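After this come two complexes, each holding subunit A, first together with subunit B and then together with subunit C.
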Partner chain A sequence: MPTIGNAQLKLLEKLCNACAVSGDEGEVRSIVMEEIKDHTDEVRLDAVGNVLATKKGSGKSPSTSLRTSQSHLRVMLTAHMDEVGFMLVADDGEGLFRFETVGGMDVRQLPGKAVVVGREHVPGVIGARPIHLTTAEERKQKISLDALRIDIGPGTTKVKPGDWATFATRFQRSGPSVLAKALDDRLGVATLIELIKHAPPEIDLLAAFTVQEEIGLRGSRVAAYTFNPDIGIALDSTPANDLPDWEGEENITYNTKLGLGPAIYVADGSTISDPRLVRWLAETGTASKIPYQFRQPGGGGTDAGAIHKTRGGIPSISVSVPHRYTHSAISIARIDDWKNTLSLLQAALANLSPDLLATERA
Partner chain B sequence: MKQLIQKLTETFSPSGFESAIREVIKQEVQPLADEVRVDALGNLIVRKGAKAKNGKRIMLAAHMDEIGLMVSHIDENGFIRFSSIGGIRTGGLLSGRVQFTNGTQGLIGVERDLFAVKSPTFSQYYIDVGATSAKNCPVKIGDVAAFKRPFLELGQRLVAKSMDDRIGCVVLIEALRALKTSPHELYFVFTTQEEVGPRGAATSAFGIDPEIGLAVDVTLTGDTPKSKYMAISLGKGPAVKIKDTGMLADQHIVEWMCSTAEKKRIPYQREVLDGGSTDAMAIQMTRSGVLAGCLSVPCRYVHTPSEMVDYEDVQNSVKLLVALISAPVNL
Partner chain C sequence: MTEILPFLKELISAPGLSGYEDPAANIIADKWRPLVHEISRGTLGSLQGLRRGTGKEPRPSVMIATHMDAIGLMVTGITDGFLRITRVGGVDVRVLPGTPVNVYATGAGATVIGASRAATSTGEPNVRLPLPGVVAQPSAQLLPEDARDGPVALEHLFIDTGLLPQKVSELVRVGDLVSFAQPPAQLSGETLTGHSLDNRASVAALTVCLEELQARPHVWDVWAVATSQEEVGAIGAAGSAYQLRPTIAIVVDVTFAKGPGASDWSTSPLGKVPTIVIGPNIHPALHKSMKELADKLEIPYTLEYTPSHSGTDGWATQVAAEGIPTLVIGLPLRYMHTAVELVALKDIQRAGRLLAEFIAKLEPDFMDKIVWDK
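And then the complex of A and B:
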């Protein structure tokens, strides 16, 4: 059985420190290819940059009510390789660049953050006027993106408009926690790599390491079309907004909570999970004594949003590792939550029977 | 037909959880159909007839899901916070009754703030099911509820929750019942997840691969006090959709629908809807594109627990649909 040890944490470190803003996923893709190349029956790179890996199973034929005539239950798992970040859009001279955000980002969190730019990771900073030179009134104002620049200093020709940039945060471990940028969704990528390395024997595992999730679930849409699976599972990372309410009232909008295990989705803004799959994962967790939680239904979306609407429809669900402060320069997650996410998926995929889809969707 | 409307509107099936309504509709259509199947997203697909030489493959879609509420949190005193499924209007929430798919009933309350000047936001509402703690609350996170209101006849007008779009389902069922002959391969599709999508229509249309797609859904009206201007009224006949926010109906389809109504002397209205869309939007964009349009039943108070339609409009919608699918189509 796979678990999370030093080797897995090292891999997560490497993945989180890599820079792969939506549309420029090459660094993470190289790591993924290297990790899985000896563990799959087939790997290919599709037209938009997804890594599509197949690990064949030896399971029995599914019941006739399934819509495919394949000999095994074909399960697609996705984890998106891309992260939120920036794109330089204009050169103001002297190493100052205007930029746009790529993916959902709160501009209020940007001033003063260290970044790296381009394939060569040129260091830079999103500048902010120091407190000495601002008035009390100015400090109450929101800073607009137009007023911000990425400053890399003069003298380099390695950076140009069109280059991507991301936070310069380096991965750290601290007791039961990991702190890093891009835990969304390198946690999912690392989980999927482990699942490939220790693939469940019965099913065909169709692993898609997807691109451009953060800007509209783009990679998964075409990956699902290619794989045309029986079931789709998005492995993602979801915010835990679980701090105590500062007004002393009960926090009722936590989304998920750290330490309670993998977050199973019932519904988000993009998908109503197939109730059969919700039951399957929850029952597996209960039977195997693996803690899990239901993510609070609401907005947001994962690759499942694109997968389930593909072709004639694909029963889909998402499972996420909770982490705080997502889509910012640094987030924090619990190693145990990751471990339990991997355990839940491993246990669930091992007991997955074609009978699950033999009954109609609830 | 009124009994059928009552049966369908009093069934609880929010988007994504359509099994209850699917069973009710299945019972109705089974004896009338050549083939009945359920696809991966839970769409109920009913085939009638085969393609004659001058026939086409036509998909008719009415969505069987309804707007609803989903539990997002249960506090220590057993009060339930919820997330919306589909476009819930907060104006219709307070003191509303809801029923969960497990049968639990409750009412909707709102946080009291004596100094509030603004109307409450969505997150200030909660459901009270009579529980006194999180422990004895009979529902859990992810459970879904729909409005609970009995069907009501007010003369010519019919009122119920989920007229959107159970009335479309009724029109499809009654058209299937009334249909005598057709040169077409017809698919009556009772779709899922329209209120959050339209998702079920997208996947069922891919599977069916139709040449013509027609949604049957409700549309808004402009005939109530101070309503937004819209040239649609209850009682003036079914509406032929020309445009909504998600779709420009194919002009040949519009022409086909209008001329058929005129030929059969069925009153109809021309519809331009400034807000919302239907399954036709998804069908139109399927594969390499499908000729699509929509037959709308005018409906007041859409997305509240009391939606109102006119019975004559409903009957005329059935007549128009039957006329459309009975004869060859030359577009």
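And then the complex of A and C:
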């Protein structure tokens, strides 16, 4: 069984350091294509830029399948290639560019950060007004987006409005953790690559590396339509809001906690997971002694939000590696959580009964 | 003249927070040693290099002061493996969330791990000193109501090193220093970004000056001083000025470059020129001769108006001992006191050259010719 070793961490590093803001996923797409090309039965790019890879299985057909023409249980796994970031929207001259955010970002995370712009990774910075020039009153307000610029230095023609940009953070390891940008969702992308390389033999594995998740689950919607799977599983990375509460009270809104293993979704803001899939994953974890946690039901969403509403509906679920400091310059995740996520999915896909969907829902 | 960029990049990759300047001082000392005749540390940590002049003893002396200390953070407590912090120097907390940092851990476990790493290959992997980390802004639900959308106060921010709580307790102690970890990067137009360019860009300018002086005879003694603790009140400069008792002092410090959020009368264009400061902090005769020299040499400059405190070491040198005639030169810099300060290399070179020219032109009787009021 594959696990997370140095080769996998190297791949994660490469994926995290690549820049692929929603709509500009090419750099990650190239890495994905290179990694999976020798491990699939079929791979193609679709109309919106998704990578759709198929690995056929040899197992029994599901006795209750609505699609009698198909021979094996068809399981779609998705991981989104895109990350949040910026788009340059106006040239103010002297190397200064106005920009907008792409995807959900907290503007308080932006001042004082290094960025890279465009395919050539032209370095730049988002500065801030010097504290010496601010007033006490001003410092009580957050710095608004329209006060910020991306500065690449004067006198270059390498950058223009329409270019994408993202944080310049380089991947780092620290003890049991990784510190990097875009762990959401390069952790999912790296997991899915591993699953393709070591695909479970019984099922048809339909892997979708999706685009534009961060701006409305757009890639997964068409990918699910194309694949028309029996089951959809979104592999994502979800916030762990597991920091201390400011008043010292118990933190009851942690969403997930680092170190407790993969987060299985029961319900989020976009999807009520199929209860049979919840049971399947949890029972697999328990039986295989793989730690897991249930993500606190509530807001947020993954590609499953689009997948489960596709065609006549597709039973779906999400599994995430938890990370702290979502959609910021540096997120932190535990290597063990990633390892256990991969193990849980491998174990679960290996024991997936073709008749799971014939069992009672609850 | 050697290329100054590698030196400056190395220098801004070092911590050297106020009061703890050694990491910066050591790099500067290595660079200056061949350029000066004597090198020493002041009692409060300033690095003092003496380049003797050719004049008859007792020679007058000029002190060039550039502070080497950096702003940053300091650990005030540990909660569940998360570090609580305060600031060293003037830091706008609004630039902190999401900022990469280095934690200089000195706890009991820190040395053990450092040593065992060298001794064995099976020690804790990836625990290196300093510890990498990030300034963490807790999610809204964990914060007081007024911090959910507005700026999050320093008391609610943490540093997360990614290490487990027990390991953090072994490695880190209250009082440990935290520096920005932003690596230097060259941007377009021969500009450099990174942390602590305030004021190590000026240390680089002074180094350029010392290099120029290798081929330029000068009558006066030159005290090249990389001062300590400027960011907490020009402490090192005051001590060095008192101890060295220079005839005049020239302070080089960064000033506000025009850019986003900085466009008023107090700002100067980036990459065009150094500034020559005018105001109560500046000796009028020094100002006048520096300006005339720049005009004569056709070195471009702008005047920088400081109606009161110049915000530099000059505030301290002017009133050290019985008073020291002081002049301040400014290097325009964008985004001061963030991790992504930005300077133009041309400004550094020009300021260095201007200083060297000024020093080379100092006559033995320069002070005697000063006329206050005609």
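As a working rule, the second predicted complex is superposed on the first by the 353 of 362 C-alpha atoms of A that agree within 3 Å, B and C clash if a C-alpha of one lies under 4 Å from a C-alpha of the other, contacts with A are read in each partner's own complex, and residues count from 1 in each chain.
What we mean here is this: contacts are C-beta pairs under 8 Å (C-beta built on N, C-alpha and C of every residue); 3 or more make two chains touch, one makes a residue touch a chain.
In this text, all values refer to a predicted model and were calculated from it rather than measured experimentally.
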Clash-or-fit label for the pair subunit B, subunit C on subunit A: fit
With both complexes superposed on chain A, which partner does A:134 reach: first (subunit B), second (subunit C), both or neither? second
Just checking: does A:339 make contact with subunit B only, subunit C only, both, or neither of them? Give me first, second, both or neither. neither
Would you check which partner chain A:250 touches, where first means subunit B only, second means subunit C only, and both and neither mean what they say? first
Touching partner for A:323 - first (subunit B), second (subunit C), both, neither: neither
Between the C-alpha centres of subunit B and subunit C, what angle is subtended at subunit A's, in steps of 10°? 130
Comparing subunit C with subunit B, which touches more residues belonging to subunit A? C
Identify the partner contact of A:218: answer first if only subunit B is touched, second if only subunit C is, both if each is, neither if none is. neither
When the two structures are overlaid on chain A, which partner does A:29 contact: first (subunit B), second (subunit C), both, or neither? neither
After the superposition, pull out the minimum Cα separation from subunit B to subunit C in whole angstrom, please. 9
Do any residues of subunit A touch both subunit B and subunit C, and if so, which are they? 253
Within the complex, subunit A is touched by subunit C residues 79-80, 82, 90-100, 124, 126-127, 131-134, 136-139, 141-144, 147, 149-152, 156, 158, 160-164, 167, 182-183, 185-191, 193, 256, 259-262, 264, 266, 270-271, 311, 334-342
Across the complex, what residues on subunit A touch subunit C? 94-96, 106, 108-114, 122-134, 139-143, 147-149, 151-156, 158, 168-170, 172-179, 239, 241, 243-247, 251, 253, 259, 324-325, 328-330, 332
Please output the residues of subunit B touching subunit A within their complex, sorted ascending. 15-17, 19, 22, 38-43, 70-73, 75-76, 81, 83, 85, 123, 140-142, 193, 196-197, 199-200, 202-204, 206-207
Quick one: in the complex, what on subunit A touches subunit B? 67, 250, 252-254, 266-267, 272-273, 275, 278, 294, 296-298, 308-315, 360-362
